[in-house]
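The data blocks that follow each hold one structure.
In the two complexes below, subunit A is the common chain; its partner is subunit B in one and subunit C in the other.
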Partner chain A sequence: MQFFGGSEISPSPPVPTATGNNAHMMYVFNRNGVCLLYKEWNRPLHTLNPQQDHKLMFGLLFSLKSLTAKMDPINADKGNLGVPQLPGQGCSFHSFRTNTYKLSFMETPSGIKIILVTHPKTGDLRESLKYIYGLYVEYVVKNPIYSPGSPIKSELFNTALDQYDCRYIRFWSSVAIAPRQGFIYRRRYTLRAIESQHCVFHYLRGESSQRDVSNCPYPRMIFPHEI
Partner chain B sequence: MAAIYSLYIINKSGGLIFYKDCGTKGRMDTNDSLRVASLWHSMHAISQQLSPVNGCSGIELLQADTFDLHCFQSLPGTKFFVVCEPGTPHMESLLRYVYELYTDYVLKNPFYEIEMPIRCELFDINLTQAVQSDRVALLGR
Partner chain C sequence: MAPRSGDAIFSSIDRVNAELFTLTYGAIVRQLLTDLEEVEEVNKQLDQMGYNIGIRLIDEFLAKSGVSRCVDFKETADMIAKVLLFPPMFLGVTASVSSWDADGTCCSIVLEDSPLLYYCNVLSGFIRGALEMVSMKTEVTWTRDVLRGDDAYELQVKLLKQVAEEYPYKDDE
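For the complex of A and B:
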């Protein structure tokens, strides 16, 4: 599988194939099944608590990879069902669709699995997933303080993800954030442009002039400092 | 002519009741096909639990590197799924046609026990015709 295509350090974000994409959730797992990141933008239905949900998701992907490796019509030599596959070994799936969501999956050679759950009419998201992996390498792996295998808390990574989704995926968002004063707010808002984030930033900083507030469609929106 | 590799029918409880492979690629022995069918049944159920929105009815299309898997679940819970080349069109209509053949030649067969493996000659004949024919008739459905 051709994974490392270009030689650019930070490729430009790909334009989405379908308009009106709605991202529901995103998961990042490492090869041991630890959920490094779970981001939720729009999820009206929570069937299980977060730990069970992560385990179930990882288990589903593990089993589906085992299934696709076994069902592969091209490769003659297939292992037995249930034998753990190395990353890149055997045929792997890249997406599946149900009537309510589409799950796009990418596994890197190092075992990092990136999953995006979106609206079922979304197009092929493989390039988007590669771009997100590029962001992960830039902001998480190259961060000297980050220890591999622990959950990702990088502010830059989260901001870059939000900006990427802001520009290309319109979505409803429910975000829990801790501003500098130490409060935690939870708001629902529609992000239509990066400008709205900037005006909120000014608002929080105390420069709450009339101009700033009137520019802001949702004056009590809060900028994500830490997630 | 795009290729269909194999067709599976699973009963309500996840047991394989029919397996047909077309051609030499993707041939699987009996035990493996049984395991794959049960695994698919469980994955189908788990995918409903992970849905962010209400009303999920399970996986309809799985896209892998070398094949696509289209699945159709009927109202009673019988699943029909077909493994085909990536990008093969009109698989959903083929699955619905197979469901029609199933109701006509299997369920209406008085000697057929429900949920048991399918051993109905007319079903096999009509299925082979449907899969190997030009499928111009299916395009018009």
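For the complex of A and C:
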């Protein structure tokens, strides 16, 4: 049974139109893994219940951050893999792309993590994530009724997010990833690249016959100046 | 994106009249004194209030200033003194960092004048709260206080430990 979908050609995503939303989902986590906000604009497929979904997402990000920090080609000081890090320490990844969606991530030194899942051809969303962080500060942090660490129920924040999002284009996406057992993809979705601050990890799975035991994917690191 | 200077940030946020702020703060302290009667209790309350403010305001500071990460305590303390307290970012107080101890875990912040006048425990709670949200557990105490006859306000900020981010879920769940 093949886990990594290399042989099956996935259907290409429909061409985005000029109106509607580009973002499919958005998560906001705090440093303790509590999902402060989950917003969904377009998600046809739900594979897990919300709690499992949030845990999965948080676990995935935790692992990816750890990975990019340890594989950082520029920073000399790296701990051992698996050792917890201070938020903001080390080179953090800011997005990864598969053939059907792109996940953009931002973490602040105070541990607030903002995640946006969008169309794979979306550009760099770091400025957008910073803007959303600004919205969070305005509508959530400064709200005296909101207690830090609890899920966000602010109507104003939701409205502001919807309004901000209308600039993008509508599309759909879905994800099923197990963080601890390595990446197991549904057969149609293949990882393409993980972008961090200092480099991009490209992922390519070679074609081979099913009997080839040494068939293993190889990551190739590409530095920003090579692009 | 390079962090914006204090001036740029100050011009982008709404400002309150300093006297209004001082009078309001004075009114809060007075009410606390009436309710609690004991100075120690009042100071504890002020510290708690400052802490609650600090844990929220750190996000605003991070959003507005775009600072990504202070790697060590020294940088953080400099950031507090220069950007947070020094005009024109938040409080409009003239502050300077001094007296670093040998291993760089303890420093003093001297404030020349403070809009909070006496009963400045809010400030110490504020610094403690803000630093805790960036995973630094600190202890903040007042070493010099004009109320007690010294010439300036001096805060001592001592780093207890840096708390790394742990994976919050248990593996068997």
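Assume the second predicted complex is superposed on the first by the 145 of 227 C-alpha atoms of A that agree within 3 Å, B and C clash if a C-alpha of one lies under 4 Å from a C-alpha of the other, contacts with A are read in each partner's own complex, and residues count from 1 in each chain.
In the analysis below, contacts are C-beta pairs under 8 Å (C-beta built on N, C-alpha and C of every residue); 3 or more make two chains touch, one makes a residue touch a chain.
This structure is a prediction, so every number in the text was calculated from the model and none was measured.
Participant: Clash or fit: how do subunit B and subunit C relate after the overlay on subunit A?
Facilitator: By the criteria stated at the top, subunit C and subunit B fit after superposition, with no clash.
Participant: Once the shared chain is lined up, is A:113 touching subunit B (first), subunit C (second), both, or neither of them?
Facilitator: A:113 sits against neither subunit B nor subunit C.
Participant: Look at the residues of subunit A and decide whether subunit B or subunit C touches more of them.
Facilitator: B
Participant: Is A:39 touching the first partner subunit B, the second partner subunit C, both, or neither of them?
Facilitator: So A:39 meets neither subunit B nor subunit C here.
Participant: Go through the superposed model and pick first if A:64 touches only subunit B, second if only subunit C, both, or neither.
Facilitator: The answer is first: A:64 touches subunit B but not subunit C.
Participant: Should A:47 be classified as contacting the first partner (subunit B), the second (subunit C), both, or neither?
Facilitator: In the superposition, A:47 touches subunit B alone.
Participant: With both complexes superposed on chain A, which partner does A:137 reach: first (subunit B), second (subunit C), both or neither?
Facilitator: The second partner, subunit C, only.
Participant: Taking the superposition as given, does A:91 touch the first partner, subunit B, the second, subunit C, both, or neither?
Facilitator: After superposing on A, A:91 lies in contact with subunit B but is clear of subunit C.
Participant: Can you work out, in whole Å, how close the C-alpha atoms of subunit B and subunit C get once everything is superposed?
Facilitator: Minimum over all C-alpha pairs: 12 Å.
Participant: Counting contacts the way the document defines them, which residues of subunit A are shared by the two interfaces, the one with subunit B and the one with subunit C?
Facilitator: Residues 59 of subunit A touch both subunit B and subunit C.
Participant: Which residues, counting only subunit A, touch subunit B once they are in their complex?
Facilitator: 1, 24-25, 42-45, 47-48, 53, 56-57, 59-60, 63-64, 66-68, 70-75, 81, 91-101, 103, 117
Participant: Mind listing the subunit B positions that touch subunit A in their complex?
Facilitator: Touch residues, subunit B against subunit A: 5-6, 25-26, 28, 32, 35-36, 39-40, 42-43, 46-67, 69, 83.
Participant: Sort out for me which residues of subunit A touch subunit C in the complex.
Facilitator: 31-33, 55, 58-59, 62, 83-89, 108-112, 130, 133-134, 136-137, 141-142, 148, 180
Participant: Spell out the residues on subunit C that touch subunit A in their complex, using ranges where they run on.
Facilitator: Checking each residue of subunit C against subunit A gives 55-60, 62-64, 66-71, 133-135, 162-169, 171, 173.
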